[in-house]
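Reviewing the structure listed below.
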Amino acid sequence: MNRATLLLTNPLVLATLSILALLAVGETLSPGFARGDQIIRLLTVSAILGMVAAGQSLVVIGGREGIDLSVGAMISLGAVLAGNVMAGSDGGIVPAILVAGGATFVVGLVNGLGVTFLRIPPLVMTLGMTGVVQGGLIVLSRGIPSGNAAPSLMSFVNRPLLLGVPGILWLWALVGIAMWFLLRRTQLGYAIYAMGSNERAAELTGLPVRLIRTLLYGLSGLMAGITGVVVIGYTGNSFVSVGDQYVLPSVIAVVIGGISLAGGSGNYFGVMLGAIALTLLQSVLITLQMEFWGRQLIFGGVLLLLMLLYGRTKQLRV
Amino acid sequence: MSPVLEARNITKRFGAVTALSDGSLTVEPGEIHALLGANGCGKSTLSKVIAGTVAPNSGVLRFNGSDIAPRSPRDAEALGIALFYQELSLVPQLSVADNIFLGHERRTAAGFIDAKQLRHDTEALLQRFAGVAGDGFSADAPVSTLAPDQRQIVEILKVLARKPRLIIFDESTAALDRRQVEVFFDILRSLKADGVSSIFISHRMDEIFAICDRITVMRNGVTVTTLTTAETDRDTVVHAMVGELAVPQRFARNSAVAAEPRLVVSQLSSRRLDSVSFDARPGEILGLGGLQGQGQSAVLRSLFGAEPLTDGSVVLDGKTLTLRKPADAIRAGLAYVSGDRGRDAAFHGRSIFENIAAASLVKERRRLVWPNQLKQRFIDAAAALNTKYDGLDAPIGSLSGGNQQKIFISRWLATNSQVLLFDDPTKGIDLAAKADFFTLARGLADQGASIIFYASEDSELLSLCDRILVFNSGAIAAELTGDTLTAFHLTNAAYGKAA
Amino acid sequence: MTLLRNRLWLVTLTALIALFVVNWILQPNLVTPNVLKSNLTVFLPIVLVAIGQTYVVLGGDIDLSVGSVVALVNVVTVSVIAALGGGPGGVMLGMGAGLLTGALCGMVNGLLISGLRFQPIVTTFATGIIFGGLALLVLPTAGLPVPAEYWRTYGGYALGLPVVLWIFIGALIAIAIISRRAFFKHLSAAGGQRTAAFQTGLKVGQIRIMAYVLCGLFAAVAALCLTGETASGDPLMGRMLALSSISAVVLGGTALSGGSGSAFGSVLGALVLGMIGNVIFFAGLPFDYQTLIQGLITLLALAGGVLVSRR
Amino acid sequence: ETYKIGLSNGWVGSEWRTQMIEEAQAAAAAWKEKGVDIELVIQSSDVDVQGQIGAVRNMINEGVNAIIINPNSPTAFDPIFSQAKEAGILVIATDAEVSSPDAIYVGIDQTDYGRKGCQWLADTLEGKGNVVTINGVAGHPANEMRASGCNEILAKYPDIKIVNAANANWDQAQGQQTMQNLLATYPDINGVYVQDGMAAGAWRAIEAAGKTADIAATGEVRKDFLDIWSAGKFNSAASVNPPGVMASALNVAVLELQGNEFKDGIFGGVYGNAIFLDIPFIDNSNLADALTAAEGKPGHWSVTQELSADDAKARFFK
């Protein structure tokens, strides 16, 4: 394979190209689409998706068919808890983050325990957990005022903080750096790739595989909870299904970002690009003047095209 | 007589790796033809090209006088070619019978699977290995419940059930014990009598000289020569395989074994072990011998915390160890190298650096990883074994099997462990790599390490070990030292109760 | 224990019987022909979809698009029937068009995933969006009633037994036949160890496509049943079927990693899921606890099923 | 007197539905004072159409006197409602009309809901300007009816141009994101028709773009939003779909069960089986009243209205 094809099959390059292409299409369809402030708003939405996808990435890289379908319910849980805790006051932001993140971290750990110690397939465990968390939310949110976002949280998410860029984007950048550091500079990161690649071998080199896997699901929960806090900052208040729309996009962003669903490969920068590409695609579709079904066809079709570019599994005859 | 198979100038590249640059092979009707060569020289790749599993980049294949280009294993099978896959082609979830006749199920008139016939045919085939196949080997047993040797037998029977004209056996004896190999050889001979040609790939020189008519030797993806067994000898073959490299045959025993034991193992018991007690000294290479599956691997894995113990104690340097998980053993200074590297060692798709680093990170409790602090150490460890690789950032898959195994040994050299547990580490690696390994093992012992070494090949134990514990049914049946370190005593002890 | 390993559905059956007994206690008139028939009518679509999903899962894949396939088949069927004027011939053609649509959807999934080697989860999610979009194109909003004979027949009796029971029996016969074909073994092999299946000379690609087609077909039959139940078209129908069919498959003892399991188990799994809903209903729980309790019981059942199969 | 009444709700994604059921429960309790005992059998969970049909079947098997349903489909219940009728059970749909001749509908006219919102918009824009609409779930009957009611009005104004119609699935966050994209694409939007929770999201986007003074947009009627509306001095108005519709339907059901007969000629609607309730409308003229009514209520509380038993009797029965 020569350099050029190698470059073209690199997920990072592909995602970047998709982003540029989508921006060009958007700008052509509606001038102003690729304007600076508009791009920042798009990035804000991407950041929300990107943060859930961070947890999703860890779970997927960790292997054993890792996937977390309960992130949606956990975002809702985080948002509802955070809304109630901060109840519209700035002083409540820190406790809100702690409560939301803490609760979803625990839910995630339960997912992890089910997956590792009871050996329930992740798809099934997290799907089942979704039902439980949603049910819990309905019980929880009844009668309790579903709270409001604190003003500073809302301006952190929606208004420029530094250099014309909202705080949420700085936070996302921080998450990106933290993910890089975690995956490339800590024993935990090395262990995640190792166990994703070959669990048995990881055990035989002394890595506490089950503990780590449990922790990964916990971290995915934590990221979902924090995303919930961000979401309530974005929408102002919370409701029980606010997180549902992020579940499958978080998986798709991971795949577009070049992380194989088989585990043991990929990195978070690709996922960040994947989240941006996916958000852009949805935006471009909204600006298209067409019936809903037409947008659906294009959305599905573009996903398939992306699959064609780099979501393909290995050939049997090599 | 025209040859059954002619392969000429076959080339195959996997991305950047050239697996075959000139693979050629000619097999006569009714011949047992050995294909020999170091790890990674391309034997399996050539076999897979012939069997249609791998698409060659160029080259010519002729079968029974006409050009062929099998595009799938199905095509090859239709021609009468079958391959025993080195890594086996069994479906663990299906039963022995289902596996053997997969794709060849007899059907009733209505098109349903004829379960009765299937069972009947399977039992007829199993009959061939009756008495040597071990417990739990039946037509209905799921393959996932079988031991490695039993799986190899299923793969052999599966190949036979296809009634091919040419069979390639790619390391089909790797997990078989002596009695099983004998049965297999009988099968080979009867195939030969029926005019079926076989290509036999093995790293066991004795087997090749025992059964093969001719020997084709490959090196680095190129076929170097074809010899007639009757007209050649071991040394000639070895020279053809390794080129200029000399292979030391015996390794001087260490005279300076310390008197005080370092590792004292008493009364180890578990599902597979029955009160095993022994000790190991610094500077000593302690061998574990006996027929396969008598508890040798179980001892090593138990010592490493990878298999649960029901009873017993392990004392290292005067301290009693608690071995609940491998990390306990690693931090106490133990290391474990398995011969089944694909399953037990390789982080597929990850870099060589990551493959080496894992154990050091655990042993040294490094929470943070700064690659530059570790690189030199890893390069040194790999160099100690003459490992050939492109750089620490290359993926592990770019190396041949033998070189991969060297990396997995380097993984433990880098941790500077003092007690090394080797679980058939040379399985399926070539002679040159074995020689590198033996030299290294002896060197480590000389520097004061204790080595406990299990090998499925007796000759390896005899040439390397200072002392051998012979296992039978999970217990130590005999201890061989000094004058009793001979093939005769070893075989005797191994078969003591079993036969 | 080996008995259990090969007959995982026995565990599911036990759970089903337990739930049935609880249901019976809570609802004394459960064991009357009408109520039983009524329950079977409710469970039949998920049973059928779960059967189809089993074959895909056995082959080591997954189909998240079944819900949209059901919707698409439903709107195609009612539209064709309406276009042809609603006579008996039109109904037949409409049903035929529906089955064909289901098979085609399965074929598309199969070709993409097996032929072009796309990743199954994301691919069927994408095709699900596309099929859903097509359903909205065919019938933009719910409506278009089918002739009364259609749903009267579906809800009625034939040869002394309810039609829904005949369909259920037909489905059991179909899975019994499939499980005794070589195809079933080949599918298990393709899902259990794909390279091995390929090296053995199986047409792995075709086998996986066939599994998707079967899945599409069973989804289509489910859609025809739903059409009989709802007597009309609804482009948003069946949105929960994908995930609940996967739950049913897992409850029935089929491994999500492929290679082992049975469609019969999935039938039981689907019935268990349905009975859980019944028990929740008749337990008379406060309404805001219904979702939570249902979620907990379902999770416990899934966990329990997986656990037992591991022993 | 004792009646057993089944309440079926097929979606639990919003507090509106919770309030709907709570108000129905309160209405049932209120009948006790009149000497009528009402036992409620409630099914309220996220189900698809056949799941809800299952619940209705269970209610029939349980032997209820009446079933009040917020249906997940307008047409899918025809066969099961005919079975209910055969069993002598009164079926009343609320919130969304059903096609079954064996049921009646008691609720608001969703088309009129759309008409009212867009009439206000057209009046506010003085009959000219660029308008975008953000609708709920495509293909959902209530959404389609609201959209058609709105379009019917706007079509009367040749100078009003609908530049884009998007779908945001009745989701607040999607409403916000969609509005953001629309604002970026069409810098000269004058009016927005958007309904329910999506409206809060849309207004958030309008606020973020600093265009509250330039754009007239419909809103919604949860207390949260009323507060922001009032504080931000939005140019807004909203039709109210009161959660009390189910309670109203319950009152009608009891009256019917008691043997009262419907007046002649009161049925109308798409399927000729509907009796419509009034649609309250809130704009800046009566916003203050709505805020007074909402005082002390939780943030998710929606402006509501219930037809009392006596009023129902007077209006609909002979």
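Chains here go by letter, A, B, C and D, matching the order in which they are written, and residues are numbered from 1 within each.
Methods note: a residue touches a chain if its C-beta (ideal position, glycine included) is under 8 Å from a C-beta of that chain, and two chains touch if they have at least 3 such contacts.
By chain, with names taken from UniProt: A = Autoinducer 2 import system permease protein LsrC; B = Ribose transport system ATP-binding protein.
In this text, all values refer to a predicted model and were calculated from it rather than measured experimentally.
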Margin query: Return the chains shared as contacts by chain A and chain D, ordered by label.
Written below: C
Check: Chain by chain, through touching neighbours only, how many steps does the shortest route from chain C to chain D take?
Finding: 1
Item checked: Pair sharing more residue contacts (C-beta pairs) when A-B is set against B-C -> A-B
Item checked: Identity of the chain that, by mean CA position, is farthest from chain A -> B
Checklist line | Inter-centroid spacing, chain C versus chain B (mean Cα positions, whole Å) | finding: 45
Next item on the list: Return the distance between the CA-based centres of chain B and chain D, expressed in whole Å.
Entry: 71
Checklist line | Intercentroid distance (Cα basis), chain C paired with chain A, Å | finding: 30
Margin query: Counting only residues that touch at least two other chains, what does the list for chain B look like?
Written below: 53, 72
Checklist line | Of all residues in chain D, the ones touching two or more other chains | finding: 12, 18, 46, 138-139
Checklist line | Interface hub residues of chain A, defined as touching at least two other chains | finding: 134, 138, 142, 292-293, 317
Margin query: Show me, using the given definition of touch, all chain pairs that touch one another.
Written below: A-B, A-C, A-D, B-C, C-D
Check: What part of chain C is in contact with chain D in the complex they form?
Finding: 27, 29-30, 34-35, 38-39, 41-42, 45-46, 136, 140-145, 151, 155, 226, 228-241, 274, 277-278, 280-282, 284, 286-288, 290-291, 294
Next item on the list: Write out the stretch or stretches of chain A touching chain D in their complex.
Entry: 29-30, 32-33, 35, 38, 41, 45, 134, 138, 141-148, 158-159, 231, 234-237, 239-242, 244-245, 282-283, 286-287, 289, 292-293
Notebook entry, point to check: In their shared complex, at which residues does chain A touch chain C?
Noted result: 65, 67, 114, 118-121, 123-125, 127-136, 138-139, 142, 248, 251-252, 255, 261, 291-297, 299-301, 303-304, 307-308, 311-317
Checklist line | Complex contact set, residues of chain B against chain A | finding: 14-16, 52-55, 71-72, 304, 306, 325-327, 329-331, 336, 338, 343-350, 354, 357-359, 361-363, 366-370, 411
Check: Can you name the residues of chain A that touch chain B in the complex?
Finding: 1, 184-191, 193-194, 197-198, 200-208, 264-265, 317-318
